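Same chain, two partners: chain A is paired with chain B first, then with chain C.
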Partner chain A sequence: MSDDRREVVVVPCSGIGKPYGTVSREAAYELCDKLRPRDTRLVALAKLVLGDQEARQRVRASPAITIDGCKLMCASKLVQHSGGTVAREIAVLDVYRRNKGLKPEGLAELNEQGQKLARVLAEELAEAVDEIGRGGTPPGGSHA
Partner chain B sequence: MPEYLEKTVDKFTFRVATDRLYSSEGMWVSLVQPGAPGRVRIGLTDFMQQRSGDVAFVSVKVPGTRLSAGDDFTEMETIKVNLSLPAPVGGTVVEVNEALELTPEVVNRDPYGNGWLAVVETARWEADRARLLDPGAYFSLMQSQVEQELEKP
Partner chain C sequence: MPSLPRRKAGIVACSGEELAEGTVTRLAALKVLHVLRPHDTVTICLPLFLAGGEGDRAFARFHPTITVDGCELRCAARGTEMYSGKPAASIVVSEIVASAGLARPGGRRQLDDAGKRAVELTAEHLVRLVDDVLGRKGRGAGPGEPGTPALREPTAATCSCGSGVPTKKLVIDGKPVEVLALPLIFQQFREAGRAADEATALELLETVKIYNEVPREAEDRWREEILREYAAFCESEASR
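Entry: the complex of A and B
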């Protein structure tokens, strides 16, 4: 990332024990560790729930991408509750609807389709990171 | 606007509309034109959609399909389960809700309204109606199903 581009915080849901929650976290790791490591910073939802000051400061300082495993949209809501700005919110279910063959199953370890779905999601979000970095508003955003 | 019977458990409130009939499998049936037997609209109950979770895909028998009560009618994939539900009445499918194709979440958002599944031209309405549950009877059944859910580990 060039110095004039903004860092994007990525907040996946914590739907432990649900395949769609696992997809959200796997996609976040793929995005932050492999696809856009210099442009993104992963923030754990649990830290926002606990009111961790450092985590809250991070989401207030940078635009956020939230990844939610279900329609409760906990990640998106927690970012907004913490004073952050959601530049792009995405629900794993919506991505699955566009990729019907990639049915995620498994909890601790996703099946092959679930892993592919996580990669598809991560690639989609990488484009959103680039768009945010250029100062644009990607589709699906934004909520302050 | 229909009135509802309601049961609240924890953070969930389950509603049963009082202006229609129900199958024990969690489908509702209402006359398209009240007082005029012939065509009925069919949908999923509020309890059934909440218990099943967010809907990913819905497929309903296409228009022209002839059904007997109990035949396979709709298949749904949700974030929790794959559902196959039987037709609550017999007849011919004449219309399927087009919104289900692009926005299947309408089943979750508005199960008794815009989330309807299909319209069926009934073949034996009086006989089918006799097998359906009135709102009070379905509400009692739903309450027992809720209690069974609560007892699960």
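Entry: the complex of A and C
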């Protein structure tokens, strides 16, 4: 991605009670630390809960990718609540349904399947980051 | 007969994804929830105070809540107070680490050794606070001493995501009031065969007061309204 492309904000959910929340977090790290470190910026969801000005400004200034661990879709809702635009929202459960062999287990530490599921999810989102960088609309759900 | 939820300490971790200290909050909370105090603690994801329903927002009013933050922003403590209720206690990992003279944690995805030590220390602080707020001082660290294996399989700790605490709205003195746990209380009284009369009303009020702050000067109106609602509840259950 060239330097004139827009940074993409990545907001995973903070799910602590179910393995899908841990997958969300792992996938965000895989995407932001390994797959697209120059093009993405991780924003902590807790800051949006608090209404932290810097975090709100960041999600308002850049397209956001949200990763949610359950149907309550906290990350997606909070980005919109903060005035941001969700360019791509993804639910871990949907990715799992397409990859039934990768059943995540564990909260503090994911099992191997869960880690693989996080990588699959992150690779899917890396393509979305590239698409957003090219000025296109990434496949999947989005919210203005 | 349904039982009222047992009094548990709520733990709300910031889980801050940007910093290693955020990962420390998460892992320390999980250790307490699933290993050290599985029967005494419950948790909820912080964002649910905004993204969830009224039952989720009632969390800190129902459970004496301890917040665990990674940094001085104190998102969990301040967010809990803004949207749910004042925490019973709050701790901040960066302060715990500094006061213990430990190195700053590193590795937000995979904690380094300093981060792992910070998890142990933060979990110890949390356990003491859990015992304090539940009035169970003097307990040891068990079940699950440090070094207990794997947090992979949860034991009895509960995640409140999406379930929350059941509430019912009453109108008292012309103002809507959300009463925590009232549906469960009604259900319990009805299954005990309690008639909708004045004697029951007094007991209902005393039970409601365990979970809700009832102004002394308004107790009579609360009792009348609770009795009226209980009578309606019994009637509707009988016609099912």
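To be clear about the criterion, the second predicted complex is superposed on the first by the 142 of 144 C-alpha atoms of A that agree within 3 Å, B and C clash if a C-alpha of one lies under 4 Å from a C-alpha of the other, contacts with A are read in each partner's own complex, and residues count from 1 in each chain.
The criterion applied here is as follows: contacts are C-beta pairs under 8 Å (C-beta built on N, C-alpha and C of every residue); 3 or more make two chains touch, one makes a residue touch a chain.
Just so it is clear, the structure is predicted and the values come from calculations on it, not from any experiment.
For chain A, the partner with contacts to more residues, out of chain B and chain C, is C.
In the superposition on chain A, contact of A:His81 is made with chain C only, not with chain B. Applying the stated contact rule after C-alpha superposition, one finds that A:Arg97 touches chain B and leaves chain C untouched.
Once the two complexes are laid over each other on the shared chain, residue contacts for A:Ala46 go to chain C alone; chain B is not touched. Of the two partner chains, chain C is the only one touched by A:Leu107; chain B is not.
By the touch criterion defined above, A:Cys70 lies against chain B and chain C together after alignment on the C-alpha atoms of chain A. Legend: residue contacts after superposition of the two complexes on their common chain; A:Lys18 is shown touching both chain B and chain C.
With the contact threshold set out at the top, residues 18, 70-71 of chain A are in contact with chain B in one structure and with chain C in the other. Looking at the complex, you find that chain B touches chain A at residues 53-54, 56-57, 77, 79, 104-105, 108.
Against chain B, the residues of chain A that register as touching in their complex are 18-20, 69-71, 93, 96-97, 100, 103. Those residues of chain C that touch chain A in the complex are listed here as 13-19, 22, 26-27, 29-31, 34, 43-52, 73, 75-76, 78-79, 82-83, 108-109, 150-152, 154, 158-162.
Interface of chain A with chain C (complex): residues 12-18, 21, 25-26, 28-29, 33, 42-50, 52, 70-75, 77-78, 81, 105-109, 111.
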